[in-house]
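So that you can tell them apart, the chains are marked A, B, C, D, E and F in the order they are listed, and the count of residues begins at 1 in each.
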Amino acid sequence: MNKNDKLIVSPAPHVHDKTTVKNVMWNVVLALVPALIFATYYWGLRALLLSLTGAVTAVVCEAIIQKLRKVPITVNDGSAFLTGLLLAFNIHAGAPIWLPIIGAVFAITVGKQVFGGLGNNPVNPALLGRAFLMASWPTHMTGGWVAVKGAAMSGINNLSHIATNLEQLSPKAYELVTSATPLNVAKSLRDSSFIAEINAQAGGIDLGGRIFTGLTEMETLKSLFWGNIGGCIGEVSVFALLLGAAYLLYKNIIEWRIPLFFIGTVFVLSFIFGGLPGSGTSVMLPFFHIFSGGLMLGAFFMATDYTTTPLTKQGRIIFGIGCGLLTIVIRLVGGYPEGVSYSILFMNVMTPLIDRLTRPKAFGRVKK
Amino acid sequence: MTFIKELTKGLIKDNPIFVLVLGLCPTLAVTTSVINALGMGSAATFVLLCSNIIISMIKGITPSKIRIPVYIVVIASFVTIVDMVMAAYLPDLHKSLGLFIPLIVVNCIILGRAEAFASKNNVIMSIADAIGMGLGFTLSLTLIATFREILGAGTWLGMRVTPMSYDPMLIAILAPGAFITLGFLMALMNMIKEKK
Amino acid sequence: MGYLGEIFVMAMTAIFIQNFVLSRFLGLCPYLGVSKKLDSALGMGMAVIFVMTLASAITFLINNYLLIPYSLGYLQTIAFILTIAALVQFVEMVIQKNAPALYKSLGVYLPLITTNCAVLGVAILNTTALRSDGVTEYNFLDSLLNGFFSGVGFTVVLLAMAGLRMRLDMAELPKSMKGMPIALILAGIMALSFYGFMGFQI
Amino acid sequence: MRLKTFPGGIHPHDEKHYSAAAPITKFPSPQRVIVHLSQHIGAPSNPIVEKGETVLKGQLIAEAAGFVSLKQHAPISGTVTKIGKFLHPTGAMGMGIEISADGKDEMIQLGDEENFLELPVDVLKERVSNAGICGMGGAGFPTFVKLSPPEGTSIDTVILNGVECEPFLTSDYRLMLERSEDIINGLKIIMKIVSAKAGIIGIEANKPDAITLLRKLCAKERGINVVGLKMKYPQGAEKQLIYATTHRKVPAGGLPMAVGVVVQNVGTAVAIYEAARYQKPLIERVISVTGPVVKQPMNLLAPVGTLFSDLVEYSGGLTQPLGKAISGGPMMGFALPSLDAAMIKGSSGLVLIGAKEAKSKAEHTCLRCARCVDICPMNLIPSTIANAVKYNDLDMAVKAGLNDCIKCGSCAYVCPAQIRLVQWIDTGKIRYAEAQRGK
Amino acid sequence: MMLVILQSSSILGTIGLPVLIIGALGLLFGLILAIASKLFEVEIDPRVEEIIAVLPGANCGACGQAGCAGYAEQIVHGGEALDKCAPGGADVVAQIAQIMGMQASAQTRKVAVIHCSSGGYENTRWKYYYEGVETCKAAVNIAGGPNSCAWGCMGLNDCLSACKFDAISIDSNGMRLIDLEKCTACGACVKACPRNLIDLVPINRNVYIKCSSQDKGGEAKQICGSTHPCIGCGICMRKCPVQAITITNNLAQIDYDKCINCGLCATVCPTKSILDLLVGTRKKAEINPENCIGCTICTKVCPVKAISGEIKKVHVVDQEKCIGCEQCVPKCPKKAIEMV
Amino acid sequence: MKYYLKLGFILFVFCAIASGILAYINTLTAPVIAERKAREEEETRNSLIPNADFEQKVTDQGMIYYVAKDPAKDELLGYTFIAADVGYSSTVQTMVGVDPEFEVLGIQVVDQAETPGLGANCTSPSFASQFSGMSINDLYVDKDGGEVASLSGATITSRCITNSLRESILDVQDEDQIGGEQ
């Protein structure tokens, strides 16, 4: 008997929105393309190679596991590709090629497939992969950074009035200029003896205190905005990331609450607490904090991951604030210069509890 | 016959870690290296053996209200003995096992076996049970430690077993690695069981 | 830093930085066993906080007024565990009689706590713990607070774990992963997510 | 024009262009009609005719079986040929009375009370009850019951629902354009019956001509307002409409009268007007026969009980093989196993979709994207409810709002994983009812 | 004062002092616990204590409860299942069952049977093409269910997924099949089936109706996809030797209190809608020629006319025809008929 | 009453016997442990400043340090003491030997529980040996502009050791100068 000559009967509704899982995922990938282009421009083909390696490994790994589990292979939904790409975006361009490969395998296996695949993972697999790499090979993850063409890595170009070339700098000043990322510099500057020595070299001028404010001057912010500064592949350019984020917001794929409250919290808290010894509070500081590191990448592309964030609007606000708070806490007093990924991971873990706390009251129900 | 059965059940059928899921704290904490695993395993086995003997001997004379305190005192005594002897004669091991030696007291394997087995069976059987469980515990620890040490340090029992170019995966000897390694080993056990 | 600051440091350390479960490997049995439902996790957490606080206080007294004066440090383990076992049993009896409602929600977890190594762990660690200046030893109040905060740390991760596991009740896990394996991997992931707190310099 | 609305909701394409321009056409008397005994919420009516009996058009053929029930009248004149099971427009089988036409279309005697507004409330209510009127928006709640609020409840506002938020449907829209005077008269009758001071006609912004026309007509009426509403689904749902027009929140599990409101469909208003003035029973209604595969989409004034297949034939038939026939709108309507079903008093439309477009995609695992949470007009967590039902955790389902769901279908509409949330929730409701009964 | 003395003398100091202090602690706690146990005594269901004693006491939490005591409590007062203790194993379950006074094995074991012979894709006549959630419970509410028969199996496997014992599978005809060995009569599938096609029957009754259709004969035949609907013809009812079958709403039903397992109904059913699990395995009647006196009583009672023989002559059972219903055995005045 | 006493008595007996046995064993092991500890420290000291006699002294703050003298010539060879500071996850204790000019002769980490594979690498000879010959001014990790090459991935541990060394050397130096004046 041929069923197809029968009418189709299905439950209401009989019309459907065009959005599917597949086009959501590939749209996010598309939104990351500007960042990838910028990264390739600044670090050369190696950045592209690392990114694609991560993405392809993730896809292959997912396909193999699904084959072994004898479940339908769904790698064309783009989620594995996205995970691999995001993971590679969290690695710097000088990293060995096996790093994104192993990271992607771990992210897909432990982060996703052991829980039954897309939709069930408790934390963002890409971030888990990054945390795994950080814990396993800290030397590769934090060392061997590659400078952007034609710029000091840390983005500090205003030490020129101390010395004309690097050899003339004292070890500390040298360290400052060659620091991997602006956030590393910020971390070093929390040591007052450090500042004292810089000041000494500058002939008693309060340079150390000004370095940080110097950092936040328009020029540095501009570097951060366009991306000719040290960092991970995906953190490269605030501009490129904002471009992608705008696309996602326009397409209604991500919701504004998490990024806004995440970035907003970092902004406000860095304004209040971000001041360094001797430098006081600068109006530019909050901008420095939100432009540097992985904040933009994290806030728009990773903290907005559907599966691992709260369901309700209030929940998302709590989530965003929590991420921002932890980020700034880790940046200012933690053991790492950057805290975006750990703060998102931590909030991912807390998500079920947030969901529980913010369970909405049905329309027309009154509080008991 | 039953003696042999009680002796061997701890190895696979009632393996304290993989089947009964008891005593996880030391399991995860000390399996950073094989030598630690062996040390912890033998210490726990010793305590288990002694306390099983004593408890099966005194099972008739302890009123239920103070049963747990009495058992725990017995266990704690042996643990303290192990602690002191180890400090005196195996100081390096003592140092690396650290806090977890006194914590053998609260290892649920020991109190669990005391309650579940020794307090209901005679001395001979309790000895068999203790040796079996102890061996099962030690072997499981060693197995986990083998994975963690090779992956995380590239060595086994302190000997380098991986090529020098291998960059050890540090996470394996850190806390998250402990959980994940054990998780995967258990999943593997489940898979083998299913196949059977 | 005033004493409030000291308390803050102690709380942060016990809850996040040196979490009993995730970085000290203490209290794993209840952590993995009683985290299947959020409600029972909450009950267990409350019971642990209560017992840990009380045990920290009493063992501090025993240590400082009996063991140390008579240099009986080697009897620490036996004295502490005896105290804890008796204490737990005593509290259980009292609650069962006088607060049946509380017993229903909390009391059933009490026997489980005797073998919770986190309690003995906190008692022992209190005897060697130092304040953030690295010199001063814990006084009575410090010990009590440390016990309390360690219990809170345990409860926080227990609740988070229960939340995650309840979510996984509604997922198609691979068959071999069901139960303990997935719980352990979740624990590993949680431990990794707490790495952000490592190396805090408060 | 400031537009009002409610929180949540979705924006499906309204698809009204198919039949919006088609004026109401009278459907010629059919050969055969089936009057279902369950056209409404409540007890099925009791037939009072027997097989072989001849009936006149408008003659009472089934009595109400209790307070919450309905009288049924013969929509055509002819012979009762069968009392038995027929395909109901919900897709299931239901008891009905089949009448074969004698071709005479002979009608019972009607009256004409020009001063119908002067009639006492009791008389008006009785006329509504005798006319067998039920809500014509789809739910089919007996109107007489709605107009008889219990002692002590005071109603201050009557809302006429001209929202027609379901895509495709245009019957209410055409009615508002062509029978606007009657609608306003109907509203005035309702206001008189429930002694309400204010009347509101809520119309969505995609029907600007209807808004303008009714505004113009209402300008001289005291207490009657036409409210323009943002285009959003499910604005036609009672609680959402009440919130959108008056900002009052009907308590969960409560009825509109709890906040002093009565809501009636514009079609119902017309029927009430006809019943009050002419004592005409409800035996015909306007139905939109529309959809991409209908040759000539139409708004037909057809006798209740007309077979859908007859309606389709009258509309020129199909242009492509039929995939899905939906009785009602596509958001909450029922897909039919065949076109042999007969329309009932609540049938506002018949939407026909081709075989290709009718196919739906397979379910995917929930991504937790929370789209359903964001748009749920009842502020629930549909994904959690559905998942809890799927994994047999009724407790969790209830906590996430199982019993508050109005099954509007918004969540299933937006779900990128194509999860059939409404069906899961519906299943959960059934299970929950079973569990409650089991206790 | 004592302490000071003890501390001063060496042997007593090094050993006596700790003995005294820890001993005193022990004494103290012992007394406290003893007093507390009297002071705070609470009446507990003795079964809880008994179960606690039986449980391994590992407090491992595998049962999902907070420790062994919690589990025991739940068994006695919360109606928790007895088999949740993983470390305890089957022995413990048996012991708990004894304490709880559950004699599961003493009663006649029941099994679930499905009263439908259709099911699966091929054997069902469909009304429409169903696109929706793949569960019977949900599908049955969409336009009355996708299959034409309102009483038949929809084949969406609610029973299969409800079964925790892997006892339900799908046979080659697409019909759900219950493995009587694995079935524990837990009733989960009975509850799961929205059309109430499954019920529990005693395992020693091996004949059952494979249909639930209340449609009239002709309609039922048309609607059912298989050729085995019950058409309510009543032949089985008339043929049943013990009047165990009744027809209500065009459907035959067997009263298992009366049924004697003879299988006669299955052989007479014109649509083969009665399934007899014992067919072919029953013992057949045989007449001992020495005892037979040729009274013909047996020929009269035989429902299938398998016994022939003239009066006062030895009767013979046609083994081909005999269905082993044992109707003749008790009727023979000379006990000449045996089942072999 | 009898019931109470019985319970108390049983627990008393167990505790008494247990602690008696433990006390006895303690009398056997305690000296061994103490001796071993002393010997280890002695060995460490000897490895840092070989062929010397050590004399224990205590600073005003209560810090114990040893003055090493050449037994033959009664010449000051240097000082050894233990420097301690809180590292990443534990208190790291490092024994250091310095010459009379307070330049480092050698160090040895005697107690730590840092992260295995990272901070715990501070016990490796390659890390420890670099300190030889450093003066107070060199005792900063490279990231703070000093001479000490920090362990990869374990700046905090490296910094903790380096800083603790610097500070305790300063302490002993002050003490020595005060002592010298006296």
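Here, a residue touches a chain if its C-beta (ideal position, glycine included) is under 8 Å from a C-beta of that chain, and two chains touch if they have at least 3 such contacts.
The shown structure was predicted, so the numbers you read here are calculated from the model rather than taken from an experiment.
Engineer: Which chains does subunit B share as contact partners with subunit C?
Structural biologist: A, E, F
Engineer: Tell me which chain's centre, taken as the mean of its C-alpha atoms, is farthest from subunit D.
Structural biologist: That would be chain F.
Engineer: By mean C-alpha coordinates, which chain is most distant from subunit A?
Structural biologist: E
Engineer: Looking across all chain pairs, point out the one with the most C-beta pairs in contact.
Structural biologist: Chain pair with the maximum contact count: A-D.
Engineer: So how far apart, in whole Å, are subunit A and subunit C when each is placed at the average of its C-alpha atoms?
Structural biologist: It comes to 33 Å between the two C-alpha centres.
Engineer: Find the geometric centre of each of subunit D and subunit F from their Cα atoms only, then give the gap between the two centres in Å, rounded to an integer.
Structural biologist: 86
Engineer: Could you state the distance in Å from the CA-based centre of subunit E to that of subunit F?
Structural biologist: Taking the average C-alpha coordinate of subunit E and of subunit F, the gap between them is 72 Å.
Engineer: Any idea how many Å lie between the Cα centroids of subunit A and subunit B?
Structural biologist: 42
Engineer: Show the residues in subunit A shared as contacts by 2 or more other chains, in ascending order.
Structural biologist: 6-11, 110, 114, 116-117, 119-120, 132, 135, 138, 335
Engineer: Multi-chain contacts only, two chains or more: what residues does subunit C have there?
Structural biologist: Touching at least two other chains: 23, 29, 32, 74-75, 78, 82, 86, 89, 115, 171-172, 174, 177, 181-182, 185, 188-189, 192, 195, 198-199.
Engineer: What are the residues of subunit F that contact at least two other chains?
Structural biologist: Answer for subunit F, listing residues that touch two or more other chains: 6-7, 10-11, 14-15, 18-19, 22-23, 26, 30, 88, 118, 156.
Engineer: Which stretch or stretches of subunit E touch subunit F in the complex?
Structural biologist: Against subunit F, the touching part of subunit E is residues 14-15, 17-31, 33-35, 37-38.
Engineer: If we count contacts the way the header does, which residues on subunit B are in touch with subunit A in the complex?
Structural biologist: Per the touch definition, subunit B meets subunit A at residues 167, 169-172, 174, 176-177, 180, 187.
Engineer: Touching residues of subunit E toward subunit A in the complex: what are they?
Structural biologist: Touching subunit A from subunit E are residues 122, 125-133, 138, 142-143, 146.
Engineer: Once bound in the complex, which stretches of subunit C touch subunit A?
Structural biologist: Subunit C reaches subunit A through residues 38, 159-160, 163-164, 166-168, 171-174, 177, 181-182, 185-186, 188-190, 192-202.
Engineer: Along subunit F, where are the residues that touch subunit B in the complex?
Structural biologist: 6-7, 10-11, 14-15, 18-19, 21-22, 25-26, 29-30, 32-33, 36, 40, 111, 113, 115-118
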